[in-house]
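Both complexes below contain chain A, partnered by chain B and then by chain C.
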Partner chain A sequence: MALPQAKLTATEVRLAGLSLPSAPGWTRLAREGALARVQAMGMPGRRDEYWRFTDPADFVSAEPVPATHHARQKIPVFDGMDRVRLVFVDGVFDAAASDDPALAGIEITRLAEAQGQDIHWAADLYGTLEARGQEPVDRPLAALNTAFATDGFLIRATGRAEKPVNLIYRHESDSSDAILHHVIKIEPGADLTVLENGPAAARFNKVMEVEIADGGAFHHVRVQGRDHDRRAATHIFARLGREATFKSFTMTANGALTRNECVIELAGDDGVAHVAGACVGDGADFHHDDTVFVTHDAERCESRQVFKKVLKNGATGVFQGKILVQPGAQKTDGYQISQSLLLDGDSQFLVKPELEIYADDVACSHGSTSGAIDETALFYLRSRGVPRAEAVDMMVLSFIAEAVEEIESEEIRGEIVERLVQWLARHRG
Partner chain B sequence: MAALDNADREGVTEIREGVDRETVETVQSMAGKYKHGWETDIEMEYAPMGLNEDIVRLISAKNEEPEWMTEWRLAAFRRWQQLDEPKWAMVDYPEIDFQKQYYYARPKSMAEKPKSLDEVDPKLLETYKKLGIPLKEQMILAGVEGAEDAPAEGRKVAVDAVFDSVSVGTTFQKELEKAGVIFCSVSEAIRKHPDLVKKYLGSVVPQSDNFYATLNSAVFSDGSFVYVPPGVRCPMELSTYFRINAENTGQFERTLIIADKGAYVSYLEGCTAPQRDVAQLHAAVVEIVVLDDAEVKYSTVQNWYPGDEHGKGGIYNFVTKRADCRGARSKVMWTQVETGSAVTWKYPSCILRGDDSQGEFYSIAITNNWQQADTGTKMVHLGKNTRSRIVSKGISAGHAQNTYRGLVSMHPKAKNSRNYTQCDSLLIGSTCGAHTVPYIEVRNNSSRVEHEATTSKVDDDQLFYCRSRGMDEEEAVALVVNGFCKEVLQALPMEFAMEAQQLVAISLEGSVG
Partner chain C sequence: MLEIKNLRASLEEEGKEILKGLTLTVEAGKVHAIMGPNGSGKSTLSYVLAGRGGYEVTDGSATLLGEDILGMEPEERAAAGVFLAFQYPVEIPGVGNMTFLRTAVNAQRKARGEEEMDAATFLKVVREKAKELNIDAEMLKRPVNMGFSGGEKKRNEILQMAMLEPRVCILDETDSGLDVDAMKLVADGVNAMRSPDRGFLVITHYQRLLDHIVPDVVHIMVDGRIIKTGGPELALEVEKNGYADLIGEAA
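And now, the complex of A and B:
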């Protein structure tokens, strides 16, 4: 079907400033295929059902909207942890600032370097999960990423990683436009934790493809902050084998526009996939969108989606979540909850929690609520001598707790809570 | 030992009778499949096949409409030609050729409008009698227990019967007139009460609303019109019974209900169609206007022919229903039992414009064999302190697909509003589907919105329990399903609740084993 003129034009505009790498090596086929997908789908527009609540204009414009960068945090998140740091500055790898990847005890190579080789284990994966994730909903920004990614990491864990891998995205140029693509392969029984943090760039497009083989486990914790004007469109595409585990948690604070898509395919029996997110937003120029699509295609799998948003001063929170249970995916246990706490009358929460179920022996449920702070509970705290601002913070923290508790590591959980407390203190009133 | 056995058996019988005699008896007595599948052999008058401006003018002329109405239709028709059929619903059906339909059909005997029910073609009266619809006044609705003892006032239901394109008769008109209530066909209202029609027609569902509503605006042939004056509590339930009879004929009725300040009316709608191999089109529009302190209850039992067990034939039901709670403290309650139609596309909505207004939506949608239903509601909260409640029960069996699609929208000015939504789906068998697509848009923080949805299958333990008490599998499923739907069934007026409960059992026949 031919694209409408508006989409054609938008796509041409976006593609004009981009070019495929001159020596794409083994990624060539994947990149060309992805470019063909982009041209067939066109860039997203406001009239697309999947972009009903979020205007993608800033993701598809020729140039990114400039974003002022702030001085680095004195103590970056995850700083106290023993981890392998891999640093990108505005989407460009900074070897000097990074640790030796070999310290993680797993195979880590850079996309920009590895694509020059003739063969690579990631050749079967790069762009593959992204391509699968285009059905039944178009995700053109992800295809754009596969085609034009400038760098990223190819990580393969064959056993238990010695340390977590921390991908750090620094933002130092007001007009940077970064496209990164990571491929992660967890071999049978292997276990890896990936941490991500940093504002990345004025505009950031990131794809992470994660293949988890039978019995493998992948843990992911991400902190998206801090620069107020940054814009980010991220995708995670995960496919799980038998008895595999996928757990991802994202905390978002600040950022003019964030769209986090997570596409999970439970392909083997008894898999477990948890996705959670906590977001705190202040101001009318804060727009945060969590879009999750979980497909159950095997028996006895469990999926959980837990998303909490605290919004104030006209901030907007969006949640689009879907559980798709394919025919034959019996004994599926699917759960989804999306909740918002609106701290003032101008903020808004827009939700589309979907279930699509083609198997009968399943237990699937979703819930969604939205409301203000419970005045009775607030009154109770104040009657016990807690000042109003602190009482509100306490209630916000307890509201978010269900999402934060999805993080398995106690150390990381404590760190996230600490960051939340700091953010709330900075954003009182 | 023998005594014990006997006691056991008695116990069994007791539970069967005590728990759900109706369901069990219904399943037994109505062992056939679709029971309204017969057709009436009656001489019909058709407009030529297809759709163009001349057909629109012809329909308008047949209804003896004034010029403004003809223009209104033509404006809608022109608009319709520019619209595309909506494709977003989770339903799949072959392309409809809108030029291969008849847009107007009426029994020949209706060419001269009968002056009273006595003059109506006996064949038509027979049709409705067969459907169990009492067109003869004073007749008691069949099947209502204790009706004989109830005071006469309490069990009267005024009926407007629509046969293919035209209204064949409206009962109790005189008595309603005494109360000041206008209840007649829309075509009659256009002639007799043009001011009311002009003021309200299209004010809730505008001509350009959506593809099917626009089509309806151009070609609607008849429907019911209700006006309840200020402060009047309508003395009886009003009811419209729609019957599609003619082949290849689309039915496009338009209902307009106006409850003036402080008025109350309860309105029932029933529909059936003959069993045919070819799918038929039905695109209705219902508009409800509710002014200050008024209340409207609108109940539907939709039992159009659903197609056979291989998915052949059936009605394509594309309906736009919307209530505008314009007044403060106004209230609308939609209750629907959707068991028929091959394809259902229907979202009865409430615009809660008046402060403190209230909207409720109770729905049971049952799909079996190859039926597809995409149904739900929209609750648009505009006024302060507005409340809405949605209870939707979807049951899917065979190869059917059942989707709940709804919108709850809290506008910035709808302070202190409240919504509660509950959508439950029940799956019977592994080849069907149940889907939930809710949209929730909250744009102020003093409002509370809660949404819950679950999907499960008929509980094996419950089935086993019923079966251990001697029920066969179908009876047991019917009983469990009736329990699952209880909240909605209770919201229906009594006569309808009975019919609905029976339908629940009938619709699921052949879905187990």
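And now, the complex of A and C:
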């Protein structure tokens, strides 16, 4: 079907400034395939079903909207942890600022350097989960990423990683436009934790494809900061084998525009997938969108989506979450909760929860609420002497707790809470 | 110590008057009990004194040690020495009981210009007081009132009271939902805090709590006013004859 003229034009505009790498090596086929998908789907527009709540204009413009970068935090998040740091500056890997990837005890290869090598597992995976994730909902920004990604990592764990891998995205240029693509393979029984943090670029397009084989476990904690003008469209595509585990948590503060998509396919029996997020937004220039699609295609799998948004002074939060239970996916246990705490009358939370179930022996539940601070609880705290502003902060932390508790590591959980406390203290009133 | 004069208060939204000229003085070192039938305004009195929103004071005054409290924010009243033990203590998921207690203790100290209590001292004091109330370490670690039984919640209120050391303690239906053993534990906690420089206002529907927390003065409250004041024997009279006779007598 031919694209409408507006979409065609938008797509041409976006593609005009991009070119496939000159030596794509084994990624050539995947990239060409992805480009064909982009051309067939066109760039997202406001009329698309899954872009009604979020205007994609800044993702599809020829040039990024400039974003002032802030001085780096004195003590970056995860700083106290023993981890392997891999640093990108405006979307370009900076080896000098990074640790030796070998310290993680797993295979880590830079995409930009690996294209000339023969890496079978990566060749099988690069762009594959992204392509699968295009059904039944188009995700053209992800296809664009597969086609034009300039950097990223290929990570393969065959056992338990010795340390977490921390992908750090520094932002230094006000006009940077970064496209990163990571491919992660967790072999049977292997276990890896990936941490991500940093504002990355003025405009950031990131895809992470994660294949988790039988009995493998993947833990992901991400902190999206910090620069107010930054814009980011990210995708995680995960496919889980039998008894595999996927757990992802994202904390977002600030950012003019964030769209985090997570597409999960439970392909083996007894898999467990949890995806959670908490965001705090202050001001009309904050727009945060979580779009999640979980497909149950095997028996006895468990999925949980837990998303909490705290919005004030005109901030906007979006949640679009779907649980699709395929025929035969019996004994599915699906859960989804999305809630917002609106700290004033100017902020808004736009929600689209969906369940689509084709098996008859499943337990799926979803809920969504939007509300103000509980005055009774606030009075209770204040009646004990806690000043109003601190009491409101406590109520915010209380509201977010269910999402934060999805983080398994107590150390990381504590760190996330600490960052939240600091953010809240800076954004009182 | 706590002086309430001709206090009138209405529900803000409906404009309905609940307190209709209530006068009452709680002296330092004394325990005053307020008894009354349902709907007489007992809980409203406790909320108006503690500063809960939704009520409008239309007349009268309330002072603590000569200082007007009605113009203060709830946290300022707390720092000045007002404590309200809630009839229904609120559950706050995600906020640790200890964190909450320590924040409250230090916020009050800060407001009064006192030095904050350091972590080690706080821990020591809270453990001692918790032990007396039969509150175990696990309960202290849990989020505020989450998964607590009715009795545990009330004991937790008394623990907060013990840590905050208020000048005047208002106990709103602290006996509701408690079995005899739990009530005794709570009463022991309250009795341990009786001191010459602290006053108590014990609001209760039934006389039974007053067997354990023996009051110096008993007031009968009906329709937003005190209609009769007497000694502990007044509570026994209510227990025996109900409120009807007293209401008839006052009319």
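Throughout what follows, the second predicted complex is superposed on the first by the 426 of 429 C-alpha atoms of A that agree within 3 Å, B and C clash if a C-alpha of one lies under 4 Å from a C-alpha of the other, contacts with A are read in each partner's own complex, and residues count from 1 in each chain.
We take it that a residue touches a chain if its C-beta (ideal position, glycine included) is under 8 Å from a C-beta of that chain, and two chains touch if they have at least 3 such contacts.
This structure is a prediction, so every number in the text was calculated from the model and none was measured.
Model built by superposing both complexes on chain A: chain B and chain C fit together without a clash. Of the two partner chains placed around the shared chain by superposition, chain B is the only one that A:Glu356 touches, whereas chain C remains out of contact.
Of the two partner chains, chain C is the only one that A:Arg384 touches; chain B does not reach it.
When the shared chain is aligned, chain B comes close enough to touch A:Glu49, but chain C does not. Applying the stated contact rule after C-alpha superposition, one finds that A:Glu411 touches neither chain B nor chain C. Shared-chain residue A:Ala401: touches chain C; no touch with chain B. In the superposition on chain A, contact of A:Leu343 is made with chain B only, not with chain C. By the touch criterion defined above, A:Asp79 lies against neither chain B nor chain C after alignment on the C-alpha atoms of chain A. With both structures placed on the common chain, the touch criterion links A:Thr369 to chain B but leaves chain C unconnected.
Measuring only between alpha carbons, the smallest separation of chain B from chain C in this overlay is 13 Å.
Contact residues on chain A toward chain C in their complex (touch as defined above): 374-377, 379-388, 390-391, 394-395, 397-402, 404-405.
Per the touch definition, chain A reaches chain B in the complex via residues 49, 52-53, 327-328, 330, 340, 342-372.
Against chain A, the residues of chain C that register as touching in their complex are 50-53, 73-75, 77-79, 83-84, 86, 89-90, 92-95, 100, 103-105, 107-108, 111, 143, 160, 164. Touching chain A in their complex are the following residues of chain B: 88, 90, 412, 415, 425, 427-457.
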